[in-house]
Amino acid sequence: MDPLKNIESLAYFSPEIILVVFAAAVIILDLLVKNRESEKVAYLSLVGLGCSLAAILITNSLNGSKEPISLFFGMIRLDGFAVFFKILLLMATTATILFSLRSEELDAKLKGEYYALLLAITFGMFLMASSTNLLMIFISLETVSLTSYILAGFLTHSPRSSEAAFKYITYGAVASGTMLFGLSMLFGMAGTGDLTQISSQIAAVLASGGVSSLGVLIAITFVLAGIGYKIASVPFHMWSPDVYEGAPIPITAFLSVASKAAGFALFLRFFHTGFGTPEIMQSIDWRLLLAIVSALTMTVGNLAALPQQNVKRLLAYSSIAHGGYLLMGAVLLTPEGLAAILFYLIVYLFMNLGAFYVVVLIANEAGSEMIDGYRGLATRAPLVAGAMAIFLFSLTGIPPLAGFFGKWVLFYAVIGEGLYWLAFVGLLNSVVSLYYYARIVKAMYFETAEDPNSLSFSNGTFALLSVFAVPTIFIGLLNIFYTLSDKITLQ
Amino acid sequence: MLLSLMIFVPLLGMIVVLLLPRESEELIKRVTLAFTLVPLVIAVVLFVSYNRSTVGTQYVVNVPWIDAFNINYHIGIDGLSVTLLLLTALLGPICVLASWRNIEKGIKAYMGLFLLLETGMLGFFAALDLFLFFVFFELTLLPMYFLIGVWGGPRKEYAAIKFFLYTLFGSVLMLVAMIAVYLNSNVINGVTEGVRTFDIPTLISLAGTEGHALADSGFQMWVFLGFFIGFAVKVPIFPFHTWLPDAHVEAPTAISVILAGVLLKMGTYGIVRINMAMFPEGFAIFTNGVGFWGNSLALLGFINIVYGSFCALAQTDFKKLVAYSSIGHMGFVILGLAAGNSAGINGAILQMFNHGVISAMLFLLVGVLYDRAHHREINGFGGIGNKMPIYTGITTLAFMASLGLPGLSGFVGEALSLIGAFQEFELLTILSTIGIVVGAAYFLWTLQRVFLGTLNPKYEDLPEINKREILTLVPLGILTIVLGIWPNFALNMFSESVSNLVNALSAI
Amino acid sequence: MVVPLISIILLCPLAAFAIFALFGLAKRSFPRQDYLSTAAMLVALCCSLLLLQDVVSNPEPLTIEWLSLGDISFSMGFYLDSVTVIMLIVVTLVSSLVHIFSIGYMHGDPRYPRFFAFLSLFSFSMLFLVVSDNLLGIYIGWELVGLCSYLLIGFWFEKDSAANACKKAFLTTRVGDVGMFIGMMMLFNQFKTLSLYGTDGIFTRIADPVFFTGDTAGIVWLSIAGILIFCGAVGKSAQVPLHTWLPDAMEGPTPVSALIHAATMVAAGVYLVARMFPILTPTSSLVIAYVGGITALVAATIAIVRFDIKRVLAYSTVSQLGYMMLAIGAGSYVAGLFHLTTHAFFKALLFLGSGSVIHAFHAMHAHHDDEHTESEEHEHDDQGLVHDHGSEIPPDQDMRNMGGLRRKMPITFITMLVATLSISGVPFIFSGFWSKDAILGGVLGQAMASSSPHYYILFGMALLAAGITAFYMFRLIFMTFFGEPRNQEMHNMAHESR
Amino acid sequence: MEFTLKTFIFYGFALITIGSALAVVTVRNIVHAAFALMVTLFGVAGLYVFLQADFLAATQVIVYVGGILVLILFGVMMTSGRLEMRIHIERGQLLLGGCISIALLMLLLTVIANTPAWENLTDDGTQLAPTTKRIGELILNEKFLLPFEVVSVLLLVALIGAALISRKEVRD
Amino acid sequence: MSLQHYLVISSILFTLGIFAVLTRKNAISILMGIELILNSCNLNFVAFSRFVTPAETIVGSEVFRFDGQIIAIFGIVLAAAEAAVFLAIILAIYREFGSIRPDEVDTLKG
């Protein structure tokens, strides 16, 4: 189908429009309500997210043929892949807003701007998941990045939040600049910015000898700097521990899940649609490069996580490692690999957000982000400790928790392509990761607290906790989530 | 249906226990006991009603689970699994009874985790789908980790994480091998056709099909290794054994019982069920192949026997001694399995069951002593035979069974394993008999140091073993004697399945 | 009649033990365990005597399948020939006597019922060993008697020496047993069965000339298997080099020494080798004969220099067992078994007699033990009692404390003298002469027949050992019963057993 | 290539651009660096003119020189307490950075040299039409409407964010 | 004045930008380096637009080559936005730490 023109596209663009409208509405409402009632703003933004979800479902059903549609002259594309990520991102944002409502660290700061920024960044991520044009890719990435910088530095009275923002933007700006340079090179080689055409164009010039494979590889590497930065892959991961540690916990959770998911959406679309064709693969096998990056990413993430004392920082490294696992799937270019990534992202969403939620709760109640602060949690707050243990073991990949099934589909896909070495590295990393996750469990269960008073939480807290914990237990055991990804392809 | 009920009743029990109020400890214990008795009853029913004359699996349930990977909830029992199910189900209530008084904190969580553990173990022995098999295999890890880590001894954290890491390392290799098997399960003569499968019986028959990718001996060798290392950690086979003494020493009594009684058997069961049945070519490479690796499996068995026995001899911690003796005794299992003939395999399986019973007794006995004296230093006792005659009597029975005294069950398994192994590896088997002598040495020495000689004045008032403790020991003691006198009682459960296996192995 | 009789013989002692064990679990004991066990033994004795009339020359074994594993199976069964029945009678008779003796001897011991239970278990195991028709059954009985020996030697386990001795006994015999087990495995590997008799039995097949058609390799492994099986006997029958446990085993109560370590268990080794005679090749026979000869000589020489009355008897036992082995090694296994039977009686007699002597001194011993601790440095304490600290001989067993007892204990004296004359082989009226003569004759005959120098050497060793035997036995008699009392106080208190 | 006035001017612009950029990264005084940057930006604008991108050249001057550079100068003044605003440079880091940069440059030049598709594309002197109107159409009505709208959101976010972060917090 | 001239210039600018980021110990200098990088990218785009992309012809002889140019326009806008946020963060940093040297703003460590 030909790309739709601007006005025709608007209907399919409604989820994004709703987000922007609500972002504006949130800002306006913020001016109207008193400081005490700032929760209303949060609820409004939740409504916005809900409307957006409804719009996604409606537009999806509007498109009866389920064929991918190109919108706005091919700037973005609406397909199952994009829809999947949009829903995933909406869930992550919803969770983040709920976390923020309960986070004492953000309490004084909860202004309309905060929620507006969250809506805006979701908007940017939607675009990341659906961009099919080099310019759109860059703009959406920048939208997300800029908003992330602001959110990371949102606690202006906290030095470490500012520091996080500073490091984030320093690394981020260089990375995006590098990426833009790479994009310009690709643009110069292909003569077009349209991702769908780039593939055939580059293949043509490669075949005619107009471009050396080295040149394409360098360009890809430059682009990878930007995307790799977003998904925190080695060697563009340096920012992430500092930023994760410094940023407010809900934002850390958001960055580690949503930002990473959006990054992977972009990554997959860019590499699969743009450079995954057999013609290109013939001359440039960038997969080996990525496989090595993937192996390094998980190894570095896991090894660096081992000695950490700060749970937030530990989870930051853990999320680097998980990025590495996900990259394995991205290397493959097979439907199995794609399905594995999608499934893993669902699982990762629940278990990682759940873990961060517990971090929020403990930071609120026990006032500590350090592992020592988790001592004796099993007796002080048995349910929270139990949920945390579930999340952590799921992150490790222990059956019957969902994390295991996520890893299972990933390794299955990897081995299916014959990359035994990569699977081995990944699996050994899982074993290593057990050690540091278990340290938190050890503190919670095997050690006794200095302050034996039990912590009390509201029923809402437990409800939200179970929203994450229950899927973490059951997703893998149910049939439906495996078949879900059958419908989503990138070709 | 009966089988599924048996597997999931403990899980249901866990939920029930978790819903009970934390304060009503007696109620929790009773409920747990009830929920562990149900599987026992079912296991006995299965054991009795199992048709011993046929080879195939019985009580089969096969329903789709994860369609995307053609994973089924496929369970069923053959003679081997029903025997181990009985063992597991028997140890369940015994362990609950053994935990009755000496678990001081968090009884609710303890019992809940224990029930979860039992589901994992029962499911493992009944699973006939490779994926399900793996999931159940791993399902035992989590509860075990907590049970050791929370209720363990002074170095519990270290022991728990070591146990966890070792086993996880092994299962990771297993996972790779499992995926490889799955991926090759629809490749015949280089052509991919049909759907892939995890179904163990199907895979076994495919692996015997000429030209099938699974039947390729090079492939089988690697896959065999993957699975083998996974199971070897669990057994544990030297050099993957170092987690075991730590775990045993730190774990509470009942958990040691489960660990030695059932968890170690999971490793050897896996070797029989997967490695030998599915990869006979690979098995042949490591048992009667050529070159350096030719006899490696038997060699490992031998090392286990001798190393375990000598280490046990050097221990002064009662529990550690029993733990090392476990390593030694599992060596006989490996040796018997490596023989690959009917005497060897039957002996090995019988030894699995017997060791389950006997080591359970030993750990219970250690626990009884520890509860009274609060230490386990062998040299710190002496002469208590006079104070605790019944305890001494039962201990002597257990020791004698463990050191392979004829007339008690330990002998039959050991002897059959050795007789089988001798037909294949004469020298190694002869050398392995060192283990018998050393086994007698450390047990007798322990008996002497703890029970004989003059009474250590510290233990003037040592109370005799109580009724509840006797109740936990008597069923095991009876089994030890009955199986020693009439081993066919267990052997004819699985001898048909084994001869089937032997035929398959000898066809290579 | 055979099956019920054998069943009764086996079950009676077993039941006696089982009753003890069941009561034990309930933390009490059967009211009269002593009478129960003794009665069980007497019943077994009567049944054994009844069996005498059922013995046929070449009987079929009575078997049931014990284990079947597809291609292989193990059976359990009984085999009754004259040898078996003789052994049955010996065992039950000696055992009954020991039971009766123990009722008085062990009276007042805190673990009195347990003693009888263990005796019953021992008797059962021994009988099981004797009647089994296959190696596996023999091995099972074999190990069980080892266990009972362990339990009985360590009966007074509060004594560290007893605790050490029982462990030593079990371990040492275990070493031999492992050898036997390997031998069994070798035989199983060849014959795919462990049954000895019957159409598929090892003996039947080995007698088949087809089996050894010029196959020297076959002979070699059979020799090795024979020697390995003999290893078991080396352990149990205390042959050199595994003989060290037997003297230590005298730490057990004297009835135990009489029953197990003189009459029955140690003889089991001889019985085993005699049973396995058909598979012995010339090479293995020679090895057996040498081990037996060396044992006979070495043990006899050691016995000369001992002062502990029970140890002298123990070394004497070892020496006599060596004799029996020598006989079997020389091919005259009938002579060996004959000597076994005679030895069982006269050695039991000697042990019980010595027990009587020791019992007579026992009260003294208890009295002295209290003071003993304060004066450990002295060779002779103030009352002139010899305390040999080096070898830790209990004073009531030290012959240096005895002497002149023939007037005090005439009955004991006469019975022991008779037994001594018998063991020394005084011609014509004593059983020991006939059996020893048969052995010496057998060895000489073998030497002439095979014309190999080995058997001449062995014959010489046997003669020498016989001489030494007479010497140390009379030394024992003279030190104990003749001369002047070396310790007047103890002498005064001595009396006949009641 | 003919050495005409046009080429002379081109090389002049190129040299000014590169030279001033070099100054930006080497000068020790931050204000000097800022002014050097201004020169660079002008130089790039000049190059845009050579590429016949008239609207872009104007934008470059207005946005960069008029906006960003002023912003940077504000930043300099607000953060540097003293007039002597020296930039600290470590020798080791300088060396390392230099090596990396030179390697990078070599890599890029290799790529440029090894890309035949980019060779021999000289300015044919075709006079292109003025671009402003067409750019307006493209951005506001045609292909680039979506990016334009998205960028407006982005600018809004940047506006809010910058205000939020830089404002003085009243601590309570 | 071939394409390669422009490419070489932009490559040098890019490299100098990277060099500044790597060596300068002042947040604002780093920002300047980033601006250099972005300028080099824009120059690339415009140059490619001029030489490589196919021309679109509207109404007779008027010839336009646009895509790259418009990307460059957006590039400039994004650079401006980024600079604004960057400077805002620099101000915040200066307020909290009294310094804008990256090596002094480094309290978060593993």
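Labels for the chains are A, B, C, D and E, by order of writing; each one numbers its residues from 1.
The criterion applied here is as follows: contacts are C-beta pairs under 8 Å (C-beta built on N, C-alpha and C of every residue); 3 or more make two chains touch, one makes a residue touch a chain.
All figures in this text were calculated on a predicted structure; none of them were measured in a lab.
Chains that touch both chain B and chain C: there are none. Taking the mean of all protein Cα atoms as the centre, the chain whose own Cα mean lies nearest is B. Between D-E and A-D, more contacting C-beta pairs join the chains of D-E. Taking the CA centroid of chain C as reference, the farthest chain centroid is that of D.
A separation of 71 Å divides the Cα centre of chain B from that of chain D. Separation between the centroids of chain A and chain D, computed from CA atoms only, is 31 Å. We define each chain's centre as the mean of its Cα atoms; on that basis chain B and chain E are separated by 65 Å.
Rounded to a whole number, the gap between the C-alpha centres of chain C and chain D is 107 angstrom. Shown for chain B are the residues that touch two or more other chains, of which there are none. For chain A, the set of residues touching two or more other chains reads 135, 139, 142, 146, 149-150, 153, 156, 162, 165, 185, 188. Shown for chain E are the residues that touch two or more other chains, namely 7, 14, 17-18, 27, 31, 33, 47, 52, 70, 74, 78, 81-82, 85, 89-90, 92, 95. Pairwise, the chains that make contact are A-B, A-D, A-E, B-C, D-E. Touching chain B in their complex are the following residues of chain A: 378-379, 382, 393, 396, 398-400, 404, 408, 411-412, 415-416, 420, 423-424, 427-428, 430-431, 434-435, 438, 441-442, 445-447, 479, 482-483, 486. On the chain B side of its complex with chain A, the touching residues are 64-69, 106, 109, 134-135, 138-139, 141-142, 145-146, 149-150, 156-157, 160-161, 164-165, 168-169, 172-173, 175-176, 179-180, 182-183. On the chain B side of its complex with chain C, the touching residues are 342-343, 346, 383, 385-386, 389-390, 393, 396, 400, 405-407, 411-412, 415-416, 418-419, 422-423, 426, 429-430, 433-434, 436-437, 440-441, 444-445, 447-448, 451-455, 464, 470, 474, 487-488, 491-492, 495-496, 498-499, 502.
The residues of chain A lying in touch with chain E in their complex are 134-135, 138-139, 142, 146, 149-150, 153, 156, 159-160, 162-167, 169-170, 173-174, 176-178, 180-181, 183-185, 187-188, 191-193, 241-242, 245-246, 304, 307-308, 313, 317. Those residues of chain E lying in contact with chain D across their complex are 1-9, 11-20, 22-29, 31-33, 35-36, 39, 42-43, 46-47, 49-52, 58, 62-66, 69-70, 72-74, 76-85, 87-92, 94-95, 100-101.
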